[in-house]
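Two complexes come next, and they have one chain in common, subunit A, joined by subunit B in the first and subunit C in the second.
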Partner chain A sequence: MQLTKTLLAGTALALLAGGASAMDLTFVSWGGAYQNSQLKAYVEPYVKEHPDVSVTWDESSAEAVAKLRAMNEAGNITWDLVDVVAADAIRLCDEGLAMEYDPDELLAPAPDGTPASEDFGDMIVSDCFIPQIVYSTAVGYRTDMVPEGEDPPSSICDLFDLQKYPGKRALEKRPINNMEWALYCDGVAKDDIYDVLATDEGQERALKKLDTIKSDVVWWNAGADTPQLLADGEVFMGSTYNGRLYSVIEDQHQPVGMLWDMQVFDLDGWIIPAGLPEDRLKAVEDFLKFGTDTQRLADQAKYISYGPARKSSAPLVPENMKQHMPTDPENAKNTLLYNYEFWADYRDDIDAKFQAWLAK
Partner chain B sequence: MTDTTQNGPMGGTPPEEKASGPMLAADGRPLKRSLNRALRRQKLRALALIAPLLIFVLVTFIAPIADMLFRSVENDIVSNTLPSTTAELKSWDHTTGQPPSEAVFEDFYFDMFAASEAKQHTRLGTRLNYEDTGVSSMFRSSGRKLDDLGKDYLKALKKIDKRWDDGAFVYSLMQGQGTPDTAVVDHSRTAIHKLTGAETAGDLGFAPSEAVAKLLPDMTRAYTDFAVYTGLVDGKDVAKEDPWESVYVGLVLDLQKADVSGYDGPGADLLKTTKADLGQIPVESLKDFFAKMDKKWIDPDIWATIQTYSPKYTSGYFLNAIDLQLTPDGIKQRDEDQQIYIMLFKRTLFMSLVITFSCIVLGYPVAWLLANLPAAKANLLMILVLLPFWTSLLVRTSAWKIMLQQQGVINDVLVWLGMVDDGHRLVMINNQFGTIVAMTHILLPFMILPLYSVMQGIPPSYLRAAKSLGATNWTAFWRVYFPQSVPGIGAGSILVFILAIGYYITPEIVGGTTGTFISNRIAYHISSSLNWGLGAALGAILLVIVLLLYWAYDRIVGIDNVKLG
Partner chain C sequence: MAVTIAKPTSATFAAGCAAGFGAFFGLFIGTASGSGPLGVIAGAVLMFVLSFLAVQTMRGQEKTAKWAFLVLFTVAGALFSGIPGAVLGLLFGYFFGHVTFWLASGRYRTALPPYLTPGQVLWHYAFRTIVGAILVFLITPILVVIPLSFNAENFFTFTPAMLHFDPAGYSLKHYRDFFTSSDWQGALWNSVRIAPVATILAVGFGTLAAIGLSQPHVPFRQWIMAILISPMIVPLIISAAGMYFFYSRIGLQGTYWGVVLAHAALGIPFVIITVTATLVGFDRSLVRAAANMGANPVTTFFKVQMPLILPGVISGALFAFITSFDEVVVVLFVGSAGQKTLPWQMFTGLREQISPTILAVATILVAISILLLTTVELLRRRSEKLRGMSPS
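Let's look at the complex of A and B:
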C-alpha cells in the first residue's frame, strides 16, 4: 500500500514537472512543400528560441473540418493549431469549432506600428481565421505541346478553345472556379459572374459552356494530380495551385508555362480549435504572435511561391521569388477573388448539379 | 433439456432412482435443478470467453455504425435551436403566401439571440442550407446584427434614465419581490441545455418574481435565458454582468402592452417613467427589423422550410438519397439536373456484378491450375497470386494508372507495334473500363483463394472415373467437376461482390466521372460537404441493399452451399 502510494505520488510529480517544463503542441497542416515552408520559416526558429516547446505535425488539413467535428463530438480535441483554407475556416467558425480571436490582441503589429487588423486588412475573412498566405488556382500548360505557329495560351478562355489548342485539360472535380471561368469565357462580365451564377439559368449556362470541352477533360481531386498529368504529357493544360506549378517548373524543370490570367485568389491560414485548455492556448498564442509577424511571413516566401498575407511583408519577399508570386503586379493583371459568402451558400446546390452533369 | 432423462448430458454415473419424489443428483439435490445449473454455468463460461471480443465489436464497430446511421433521421437541431419559434410556427399556414405573424418574429428574435450567443445559429444555417440554398449566409449575417436593435433601444432608454445601463439594477428589477417563478427558470434551463449541450442544473442565484414574469413576459424570458447562460454555461456572476441586448428589446415590447401603474416592486418608479416616455424610443417591429437585415426573412419560403423541418426526426435525408425532396407541399421529385443517387446506386450494382463476373472468368482457371499442378509449381503460382495481395492497395491502383493512361505502357506498346495511331491513343482510364480492370485485378485473390480451397477438396479420381465411363473431357468437367466447385464460386462471388460494392479508393483514383461508385459520394458528404445526415442515409441504403442481396442469395443458392475452405 505504502509502495503504491509512493509510486503514485512519484508519477504525479513527474507528470506535473513534465507538464510545467515541456509543451508538446500538435500542428495540423498539408504536408509536402507547404508544411516544409512553415517549418523552416517559423516553427523551427520558434522552437530554437523555446526549447521547452516541441511540435508534432499531423498532415490532415484536407479533412480538418470533418475530423474536428468528430473530435468535438467525442469531446477530445487533440490538435492545438490547424492550418486550413479560408472557406473551411468560415465553416469551422460557423460550427463553433474554431475560436474567435481579436487580431490586435493576438497578432503582432507591423514593424512601423500598424495594428495587425489593418496590416492583414480584409484578409481576415472570418472572426476565427488567422491568415498566412495568399495562393491562387491558376493554369499551367505544356510549352512543347503548343501547336506550331500559335502563340502560347495567354487568356483563360484558351482553356475552352479546342480548335486553337487541341489536347486534354485537367480541371478540378468540383464546380468552384470552373463555373466562374466558364461564365467569364461565355461573355459574362467579371463583376456579374456571381449574380449570374446565383440563378438556375446561369448555372445551366456555365455547364453548357463546360460541355464544349467535357470530353477532353481529366478531372482531378488532389492538387498533385495536375502537375503529374502535365509532366506525363497526359494533358496539354490544367488548373492547380500556383505553388504546385512553381515546383514543376523550377524544381523539376518540366517544359511547363504559367497562365496567370483569371487566376483565382484564395487564402490559407491558421485556426485555433475551440475549447483548448488554458495552458495550451497560452502556448499557441505565444507561438502565433511570433509565427505570423511581418518577418516570418516574408521568410515563408523564400521556400514556396505563395504571397504573404500581411501588407508589410510584401517588400521583404526575396527578389528572385517575386516573379512567381500570384500577387506580383505582372501576374495579377486579371484576377478573381474566391467568393466565400457565395460558395458557403451555393456549394451544396451547385455541387449536386455539377456532379449530376459530370455523371451524364 | 425440458425434462430430466436418465442419461443426462452430464454423463458419468446414472442418477439413482427413487420410488418417490424428484430424482436426485449425487449431492442430494434435485437432478433437474442440478443439471440446469451446470448447463447455465457452461453457457456463462462460453459467454465469458467470447465476452472481450463481443464487447470490443459492440463498442468499436456496432455502436458507432448505429450512431452514424441514426443521423440519417435525426433532426432535432431545428427545434433545439429555435424552440419557441417552431412551436409558434405550427399554426402558420404556408399556403397563404404571407410571412408569419409578428409573434413568430418575436419568438424568432429571442431564440436567435440566445443561439447566436451560444454560436449555434450558424450551425442551424448550415443545416437548413441543405434544403434551401442561401439560408446559411442569412443566419450568419443576421446573427451578427441582432445586437443592433437592443443597442438602439438601450441608447434611448439611457436618455430616459441612466440606471437602465446598470447590470446590477436590471438584475434587482428582474428579481423583484415575492414568490419566485421557478417554471420560467426551469424552462430556460432545458432550452439552454438543449441548445448548448452544457449542464444547466445547479444553483443559479436568480429567479424572477411571479409579478415581474407576469408583467414583463418577454423581458423575463430574455433575462432568464441570459442568466442561465451567463451563470451556468459561462460560470459568471449574473448580478454583475451587463444583460444581453435582447433584454431591452423584451422590455420595449412589454412596456407597449403592460399596465405598470399597479406595480410596486423594485424599480417600479423607473418602469412608470419609462412607460410614460415610451414615445422617445424609436420602436421598430421585429418583422421590419428582420426584413431590413435581409429581405428573404419576409419570404414565406424560408419559414415553410423551417416549418417542414421542425420535427425531431425527418425523412428528408432518405428522400434526398433517392432523388426525392421533402418540400412544404409534400414529397416531390428532385429537379432532373440534380438527380444522381439512383443512377449511382444502379451503376455501383452493375459494375460490382461485372467485376464479380470478370473475377470468376479469370480466377477459375488459375484456381484449377493451383489445385491440379504438382506441389512445387503450385506453390510458385500461389506466391504469384498472393504477391499483389500483399502489396499496398494504393500502389496497385497507381500502377494501373501508369499502365492504362494515354501516355502509358499499354498505349506506348500498341503505338510501337503500329496497332494504334499515335494521334488516337486508347482511352482506358478515368472511365468505367479503368475501374473494372483495376478492381478486378485487386479483388482477384478473393475469388481465387476460396475456389482453390474448394477445388483441392475435390478428389481427382472423380474426373478419371467419369472419363473411364465414357465421358468426354468437357462432359466430365461440366457434369462432374464443375458442380462440386460451385460452393467455391459462391463464396468467392459473395466476397468479391460485397467488397466491390463498398469500394472507394480505386474508383476515386481511376474512375474519372463515369466509373465512380456511390461510396465516393458518401465519402464526399462525410468529409467534404459535411452533410452527415445524407451520407448516413446513403450508407444505410447501401447496407440494406447488401443485406437484401445476401438474403436473396441465401434463398436461391443457400448459404450452406458456401465454402471458404
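Let's look at the complex of A and C:
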C-alpha cells in the first residue's frame, strides 16, 4: 500500500516535471538566409538533443528596440532570445531592456580552455551583448556594366567617380557608412574620419561630397533591396551586407562582383530580454551555452559568409568559405570598424542633418 | 445602330489623331529605350506619315491597308527586338490600322447624335480614354505580379529569357516553395484558422448591432453607431497599439483568441454598414405580421427578417473575412510568432528577402479572391431572382 502510494506520487511528480520542462521558446532574428544559418548551425542540433524544447521564430529584429520597449511597458515579455546588431544591443542595455551577463559563467570556454571572455575578446562591446558573427557592409557591382576599357572598380572612391563609372548607385538611407566613405574619398585620412565628422564643417563636407552623386543614388532601407536592384541592372553598384552579396554571386549566379575596399565591420549577436521568468531564462541559458560554443559558431559559416565572433572558431571555418569571409586577409586589406561610441553620441544630430539633406 | 451617317474625313485629320496616339505610345517605348521626349516626337512623326500615306493611297482598300499595317509593325517589331517585339508590333499594327480607318471613314461619329459639336465628340472619346487609363492604372500592378510569379530566377525581374517566351525562363519553383515550406504553410494554416472565426464573430455581433440600432426607440443611436464604426475610421496603428497594451494586461496578447477578437472588432463595422443599408429597405410591418400569427421574436428573425437581409449579411461577412485575411498591422501587435498569418509572413518576407514566393502567394490569393467574389455575386443574384427582387 505504502509502496503503491510512493510509486504513484513518484509518477505524478515525474509527469509534472516532464510537463513543466516542455518549453516553447521564441527566438527573434532577421529572417532569410541569416536566420536559416542560425537554424541549421545552432537550433536544429540543439532541439535534436533536447526534444522537449521547441523554437518559434519571429522575424522582428529590425524593430526589436521598439518592440522590447513596448513589451516592457506592457509588462509582457513574449520573446526569449533576440538577435540584434551591436548598436541596438548597446541601446537596449543602456535602457535596462536587455539582461547583463557574465561571459565566463554563461558561455562555454574554447576547446583549449581559454575562457569565453578572452575568446570573444573585444567583440563583447556591451555587458548585455553575446556576439555571434562579424559582418560587413561592402559594395557590389555589375561586372557586365563596367565601362569598356576600364578595370572593375577597386577602390571605395569609385563609388563617387561618375566620370569613370557612370550609372546609378544604391546606398543605405542613413548617414552611417555613407558619411565615412564620403570623407575618406574627399581626402580625409582614415584615422581622422571621426574627428572630422564630429564637427559641423566635417558633416557639411561629407554631405557636399555626397551631393556630387546624389542625383544618381537609389536609397535603400532593407538589406534585400540592393541585391534586387543589382539583379535588375537598375544600379551599377550598391552597398549592402556582404552575406547578401555572397548569395547573389554564389547562389543566384548573377554577374556581380565584390568591392571589399573600406568595408565597414559590424557585429551581430544575441541579447536576453530583461525580466524573463526563471524557467524560461534557464532554458535560454542552457541553449546559449551550446549555441555559442566554438564548433557551433564555426558551423554557421558553412551556411553564410559571415565570420564567427570567437577567435577559436576561425580555424574551423570550411576552406571554401574562407575567401568569402569579410575577415579574410585578402578582403580585409583596408577596412573600417563601426564606431559604436561615435554614433551613439552623434546619431540623432547627424541623422537629422542627413534627412534634411535628402529632402533638399 | 447608326445614329449619324459616317462622312469620310480628310487624311490630315485622321493622320493628326493617329499622330497623337503615336506620341502617347512613343512616350513609353522612348522611356524604355532611353529618351522619352525623343520617343514622343518619333512616334508622332512616324504615325502621321504612315496614316497620311495609308489614307491618301488606300482609302478604298481598307482591308488590305489594315493587313499592311499589321505585317509592317510585326516585322518591324521582330527586327527591333525579336519575339517580344513582334508581339508588341502585332498589337500596335492592329490598333493603328483600325484607328486610322475608323477615323478616316468617319465611323467614329455613327454612334453619336448628329448635333454634337466636334468638341463634344472629342470629349466623348477622351472621357472613355481617361476611364480606361484609370482602370489600367489600377489593375496593372496586380497583373504584373502574375507572370513574375512564374519567374525561374529568385528576383522580381523580367529576365531576358522570360521576355523571349523561353520555357526555361519560367518555372513553378516559387509555388513549390510555398507548398513545401513550413513557414508558409504554418502562416496559411494560421490565416485559415483565424479569418473564419473572426468572420463568424463579426457577423454575429455586427448583425445584431445593426438590427438593434435600426430600432427607432434605442437611445443615443448615433453615438453608439459612431463608436462601433470607429475601428474603420481610427488609424489602424492606433487601434493596434491600444489593443496591444489592453490585451497584454488581460493576458490575451500573443494568443489565438486575442487575434480573433481583434480581427472581429475590425470586421464589425463592415457588417454593421452593409446590414444597416439592407435594413433600410426592410418593411417592419412584416415583423408585426409574423408576431400577429403567433411567431416569437426568434422565429420571426430567422424565418422572416434574416432571409430578407441575407445579401447584406453575406457581403458584410465577405468584407469581414477579407479584412482579417489581409490584415497585417494589428496582427503584428496583437499576435506573437505563433500566430504568424499570411500577410505577416509576406510583410517580413518582402522586407528581409525579396523572394518571388511572395508573388506566387499573391497570385494564389488573387485567384481565391476572384473565385470568392464571383461565387458570392452569383449566389446573391440567384437568391434575388428566386425571391423575385430583380426583374430578369
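Just so we're on the same page, the second predicted complex is superposed on the first by the 341 of 360 C-alpha atoms of A that agree within 3 Å, B and C clash if a C-alpha of one lies under 4 Å from a C-alpha of the other, contacts with A are read in each partner's own complex, and residues count from 1 in each chain.
Keep this in mind: a residue touches a chain if its C-beta (ideal position, glycine included) is under 8 Å from a C-beta of that chain, and two chains touch if they have at least 3 such contacts.
Here the structure is a predicted model, which is why all the values come from computation and not from measurement.
Asker: With both structures lined up on subunit A, is it a clash or a fit for subunit B and subunit C?
Answerer: On the superposed model, which is not a single observed complex, subunit B and subunit C clash.
Asker: Examine A:Y246 and indicate which partner it touches, taking first as subunit B and second as subunit C; both and neither are also allowed.
Answerer: A:Y246 contacts neither subunit B nor subunit C.
Asker: For A:D232, is the partner it touches subunit B (first), subunit C (second), both, or none of the two (neither)?
Answerer: both
Asker: For A:G223, using the defined touch cut-off, is the partner it touches subunit B, subunit C, both, or neither? Pick first, second, both or neither.
Answerer: A:G223 sits against subunit C, while subunit B stays out of touch.
Asker: Touching A:T56, do we find subunit B (first), subunit C (second), both, or neither?
Answerer: A:T56 contacts subunit C only, not subunit B.
Asker: Is A:T26 in contact with subunit B, with subunit C, with both, or with neither (first, second, both, neither)?
Answerer: Only subunit C; A:T26 stays clear of subunit B.
Asker: A:A74 in the overlay: touching subunit B, subunit C, both, or neither? Say first, second, both or neither.
Answerer: The second partner, subunit C, only.
Asker: Between 307-315, 415-423, 469-477 or 523-531, work out which stretch of subunit B sticks into subunit C after superposition.
Answerer: 415-423
Asker: Once the two structures are fitted together, what part of subunit A is touched by subunit B and by subunit C alike?
Answerer: On subunit A, the residues that contact subunit B in one structure and subunit C in the other are 232.
Asker: Show which residues of subunit A lie in contact with subunit B when the two form their complex.
Answerer: The contact residues of subunit A facing subunit B are 63, 65-66, 69, 91, 93-96, 168, 173, 204, 218-219, 221, 232-234, 341, 344-349, 351-353, 355-359.
Asker: Enumerate the contact residues on subunit B facing subunit A in the complex.
Answerer: Per the touch definition, subunit B meets subunit A at residues 118-120, 122-123, 125-126, 129-130, 133-137, 140, 337-340, 343-344, 405-407, 430, 508, 512-514, 516, 521, 526-531.
Asker: Give every residue of subunit A touching subunit C within the complex, in rising order.
Answerer: Result: residues 24, 26, 28, 30-33, 56-60, 62, 70-71, 73-76, 78, 222-225, 227-228, 231-232, 251-252 of subunit A touch subunit C.
Asker: For a test of understanding, state which residues of subunit C touch subunit A in their complex under the given definition.
Answerer: 153-157, 241, 244-245, 248-249, 253-254, 336-338, 340, 348-349, 351-354
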